[in-house]
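Chain nomenclature is as follows: A, B, C and D, assigned in order of appearance, with residue numbering initiated at 1 for each chain independently.
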Amino acid sequence: MSQNVLADSRARFAALVNPTSVVFLALAAVILVGWALVAVDGGQFLTMETVVGVQQRSAALGIVAVGQTLAILAGSLDLSVAYLISLASLVAAVTMAGQDSNIVLAVGAVMGVSALVGLVNGLMISKLRVHAFIATLGVSLIIKGILGDLYDGPAGRVPESFQHLGYDRLGPVPVSALLWAAVALVAWFLLRRTKYGYRVYAVGGDVEVARLSGIRTDRVIIITHVLCSLCAGIAGLLLASRLGAGAPTVGTDGGYDLESIAAVVLGGAALAGGRGGVAGTVGGVLLLAVLDSVFNQLEVNSFFKDVVRGVVIVVAVAVYARRTGLVGRRRT
Amino acid sequence: MLTMTGIGKSFFGVRVLSGVDLAVVPGEVHAIVGENGAGKSTLMKILAGVHAHDEGTIEIDGRRVSFGHPLDAQRAGVAIIYQEFNLLPERTVSENVFLGREPIRRGLVDRTAMDTATARLLAELGEASFGPRRLVKRLSVAQQQVVEIVKALSLDARIVVMDEPTAALAEHEVELLYRLVRRLQERGIAVLYISHRLREVFDLSDHVTVIKDGRLVTTVATEDVTSEDLVRLMVGRDLNGYFPPRSTSVGETRLQVTGGGNDRLHDIDLKLNAGEIVGIAGLQGSGRSELAKALFGADPFTRGEMTPVRPRSVREGIRAGVGLVTEDRKSEGLALRQSVRDNALLVTRAMGRGARRSGVRELLERVRLKPPREEQEVRYLSGGNQQKVVLAKWMTVAPKVLLFDEPTRGVDVGAKAAIHDLMRELAEDGVAIMMISSELPELIGMSDRIVVLREGRIAGTLPSGSAEEAIMSLAAGEVSS
Amino acid sequence: MKRALPILAVLAVLLAAIAIVNPFFLEPAGFLSFVRRAAPLVILAAGQYLVIVAGEFDLSVGSLVTVEVVVAARLIDGDEAATWAVLALLIVLGLFVGLVNGAVTTLLRVPSFITTLGMMLVLSGAVFLWTGGAPRGALSQAFRMFGRQTGWAVLILVVVAVAVVLLMRANFGRTLIAIGDNERAAALSGVRVTRVRIIAFALSGVSAAVAGILLGGFAGVSAQVGQGLEFQAITAVVLGGVVLGGGRGTVIAAMAGAFTLEALFTLLNLYGVSGALKFTVQGVVLIAAVAAGAIRLPFLDAPKLKGDAHAVS
Amino acid sequence: MRFHRPLILAAATLTVFAVGGCTSDKPSTTTAADTGADTAATTAASTAPASGTGEQSKFFVQADYDAQLAMRSQTAEGPADKPWEQAIAPQMVSTAEYKKDGPYNLCFSNAAVDNPWRQVGWKTMQAEAALHKEISKLTALDAEGKDDKQISDIAELQAKGCDALIVSPNTTATLTPAVKGACGKVPVIVFDRGVETDCPVTFIKPIGGYAFGADAADFLVEKVPAGGKILALRISPGVDVLETRWSAAKAAFDSSGLQVVGVEFTDGDAAKAKGIVNDYIQRNGKLDGVWMDSGATSVAVAEAFEDAGMPVPPMTGEDQQDFLRKWKDDGLTAVAPTYPTYQWRTPIIAALKILKGEEVPKVWNLPQPKITAETLDRYLQPNMPPLHYALCGCEGMPGFPEKWGGKKG
């Protein structure tokens, strides 16, 4: 009996120190410290504009990172998202050509192109057995070449009505953040409530166990990459709306490939797959965005920012590795 | 309800099972016993749909079935619980239980139903120490086993196969398992219980089937036999194998441990002498491999005295002249994609000693590797040849003590003899040898004395030429008396 | 050596194709100038190979190259006398960065992808934090010599290539591959897994230092000298048939992969493939090479089953 | 990026844009100038006989081209020793509505500080702000080269109580909505690159890319004998401010007797530039001139000739010290058009003028000198770092030269 209570409280403690909680605790800490620092600096941290700014800044990365979460949970990863975002923004803006009437067509086209890229990624990884790193690196090179060949600078034009997506807000919540929230919710829902989600964890956790349980692992990988690419496509749409046009460098300038992976890992997902979730990723993205915002407020130069960001990512993963190591030791 | 008739199976022309019959009725616990390599696991894997059988028929409830995939067996109501659990550590208990067949309600996974069903099953099994939402990685091995059993129940399995379920359990956890098995029995589920431990067989089973060398020996009601009978049935055979002659002279003590212990071992007193082959017997989970790893320094002793040194690491062990031929060649012994030469030189290189490439060929001839192609990748070699490469690897550093863990498992007859000869040769050259084997004839044929382990302790030491029965009863623990 | 054959064949074909368009390529000067141009990538590929064959990644080499060049310029600041001391310091710097990568990866158990990604951010941030955003100072003539003079560059390449080939044949190299193939077996054979891995990272850092010295010497100070080199190096290694995940592939093939990549660039230039489309070609070639390797594997693996069968009973 | 340079908004086309720009139906790939190109000038230049220069850039706008080339010979108004306060052909606008009392909080949304040109400029701007006591604060946000971040930055700055907002846009088209959004709330000053709206109070820029490209090309046309082989090296395609440089050069080469043997992209990478020149020397035996759209790789190009054991032919560069030093030391035949970093001083000056209610030019065209053999010595500063830009206009500022990385004396 007492053993039970002990085990239970231990489980509760374990839940508290699981990576998702850690990242949100860290987020709270950063907000607190940021608030203090900015206050000392003579400014105000939690103003409407900063709150909106944090959301605006993190929306695109957040959407990509949600897709990346799926890929990483399934034991894969996607380096092609950055170029795909650029491609999506161009497809969107060029198809819209400034006309309201083309919006539906453009969104459809972006989704189509993204799904195709995801399909190619997924097929190469599952059927051709190409390492995800190489497959998606190769695809990103291919897209890079096509982009460079077709477009030499911003192109297309997004109609005013579509720009509401990027600029409007409801109170303190920008529409872009709502879009991110929607994407995150859908992904969360997929992972928690559908068979597909359970399969993603199984495939990423242990392919053999998944296969023995009758899961068609190849199919899971392919669907996951399609979804991941769709997220990148949505981010491309959002950026097109923000920028008013498509830009061939918007994805790479934003560093969405490596940064989205960093955000996912920061959120406590295991790079090897099978552990993590959308909530952690959202926390990871917000953490990066709030850090950014604090630095912005303090006008810290961007090089220092990079140093801090690099250290934060590595330290976070080292902490998670320690924790899971302690718990997992018994198994080995 | 389950009838297997005349089951036969060959792998690449090697016959591992022939003419095995097995009949199981609902609600019975049916033990299957036999030595390692007798064919129990193969039989179970056929039943689980992992392997297809070549001969014979399987009938469930009078209908003939044929399993091409584990899922087929699952659907037919057969669940198998392996020694290595098929669980996802990062997922909850109920998610594991329903993996791949989550209940769906209005298109969505019905978590509540999953959790309730799991909780119900846990309760039925009398398991209260954890709930359906606990992550599997936070469970003990025994608790994980419960999860596997719950999984089997949730499959509505009518036949549950347990492969050495107590191997990884502590004493008090075994009691729990007994309870679980009886609950299954009460539900009318047939349990196929594979075990070496005779005590469990007598505690639990209604019938015992004995398999030896891939053939059915007999099936009897448990109450009609004694443990001595069973041991005789399992091992009773002619010692027809060829073993090299024993050595006559025993040299100085190469390694001595007094009161050695760690997590898994207690009060180990052991002496290994030059020129002598000491056999180690014991059931799975008795601490045989642990003993070897402790002597070697891989999982060191934390208590006790040891001469010349008590190694705290592999490198200390190697420096003290100890070598370990591991039980699992593929995961622990060899770098499979590297050449024979690179594997043979691995230890010398690791220890930073001058690796003489020129000497490799000679060495390979000495271990009788055929053909001695140094460039060949090890993964293309047969099991016997792979084992010879592992041996060569150790011979490069001229060890004073060599520990063999199941040296001839998965090795064909010819290579087996060659390895035996080599072991004896090494002993003659003054190496102290310890050999762990589940194959009693091998132990008896090779060893100058046999140390029997039980539950991490030395249960006794027997002289060379002891009977298999004596070893088995020491290893399994007395039951009937 | 045998396993390096496919990539060597591809390389030969590409070189022949270049020679057809540009006969000057066949003259020693023309060929050596190609070798000189390829040298930094080949050296980086050799370093990256050491890490990949042990089952890891090093994404930090690109920014490390930039750091090396920028640090060299600031410290030398045009002073010829400072050259040698700074050169030594650069090597130590590369070694140190590699050691940190290795230590964090092995001792703190952070996946190397993340470790070196973080290092990439830290390095590129730190160096410009130090120099105030843009490179300052100037390289000395003596420093420039190594990258500018074909003779020196080729000599350094040859020395590095010979050294790394010898290294891979020595105890270190063989144990390194064994770790990548089967870490547990290596550890139970007495291999100091952690130490060997850390050394591999350290050597990758040193290779970035040498590549930085060559690149800085070749073209002078620039803030973007190392941009994207990490992916190019990984691409080169993979083109050479080295498998991500470790344990397979030779360093000769990895270096040949780097030459092949450089030859591919040259060829695409010569044939006037549009600047952008050459990335597409590169992507296709990369995937095709790896897919071809992967598809062939089942046949190669076939005999392995036999071994398994024994263990089944 | 180095090529974040002003959009070319010639005064002539500006008015056209103001009328029809925002409602343009066509995808406006480039700039306001494109809308202005209703004047149908786009095709004029591309009909010229090609001499290996390929098609004329779609960014080419004849009217802007003509205007910029004309501006080269116009005299700027303003103090002679302070080119950053001068303006060519200014059309003054009233700023009385923005007049307010100090002290002032100025805000700056910077596209990036990721290259030497922007580094020098940013330091100069900070130094300029420090000169004025009435500026209490200069709040700057660095967009790190990300359009999306700059859009957020501009929004965020509006909450910081800025009295004036200075914007150096990362890209032209994409920052337009954000700038438009800010215009209503605070006086906006745009410099370097432009935006597709005339809502900013003033837009500050040197003459522009056409003038840059033409200066360099004219020099080669003059120095290289007819029939000579020219290699054109560009950083990357599709960047409007760089496209204008090349299209002006193309126009010059097309009407000359020179043969352009190749137009290549270097990505601003010295090693790559060197390799390309090397390839061309091998293929053509020699080159008679090298045109470049920026100076980042000039030294590497000169070295490529040296390494091949050949004299360096007439070539072009920019006002970076490493090139000027090379030029001087090796006696090159060269010219260095500039895109002066002193333009970073002007926005601060303009902001103060606006806040004090003084008139400012609607489009503030700064003079854009070129360095020639005669003026080389004036710009060569041996104590400055190699990547320092000579035309920073910062020599007289406090903290010079150390703050800019130079050595005293």
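Assume contacts are C-beta pairs under 8 Å (C-beta built on N, C-alpha and C of every residue); 3 or more make two chains touch, one makes a residue touch a chain.
Note that the structure is a prediction, hence the values are computed from the model and not measured.
Counting steps between touching chains, the shortest path from chain B to chain D takes 2. Set side by side, the interfaces A-C and B-C show unequal numbers of C-beta pairs in contact, with more at A-C. Centre to centre, using the average C-alpha position, chain A and chain C are separated by 30 Å. The distance from the centre of chain A to the centre of chain B, each centre being the mean of the chain's C-alpha atoms, comes to 45 Å.
Between the CA-based centres of chain A and chain D the separation comes to 36 Å, rounded to the whole angstrom.
Residue positions of chain D touching 2 or more other chains, listed in rising order: 113, 237. Residue positions of chain B touching 2 or more other chains: none.
Within chain A, contacts with two or more other chains are made by residues 148, 301-302. Working note: touching chain pairs come out as A-B, A-C, A-D, B-C, C-D.
Residues 22, 24, 30, 33, 37, 73, 131-138, 148-150, 215, 218-225, 227, 266, 269-270, 275 of chain C are the ones touching chain D in the complex. Contact residues of chain C toward chain A in the complex are 57, 104, 108-111, 113-115, 117-129, 133, 231, 234-235, 238, 243-245, 274-284, 286-287, 290-291, 294-295, 297. Contact residues on chain C toward chain B in their complex (touch as defined above): 171, 174-175, 177-178, 181-182, 184-192, 247-248, 303-304, 306-307, 309-313.
The part of chain A that touches chain D in the complex is made up of residues 47-50, 52-53, 56-57, 60, 93-94, 97-99, 148, 151-157, 163, 166-167, 239, 242-245, 247-248, 250, 253-254, 296, 299, 301-302. Residues 124, 128-131, 133-135, 137-142, 144-149, 258, 261-262, 265, 271-272, 301-311, 313-314, 317-318, 321-322, 325 of chain A are the ones that touch chain C when the two sit in their complex.
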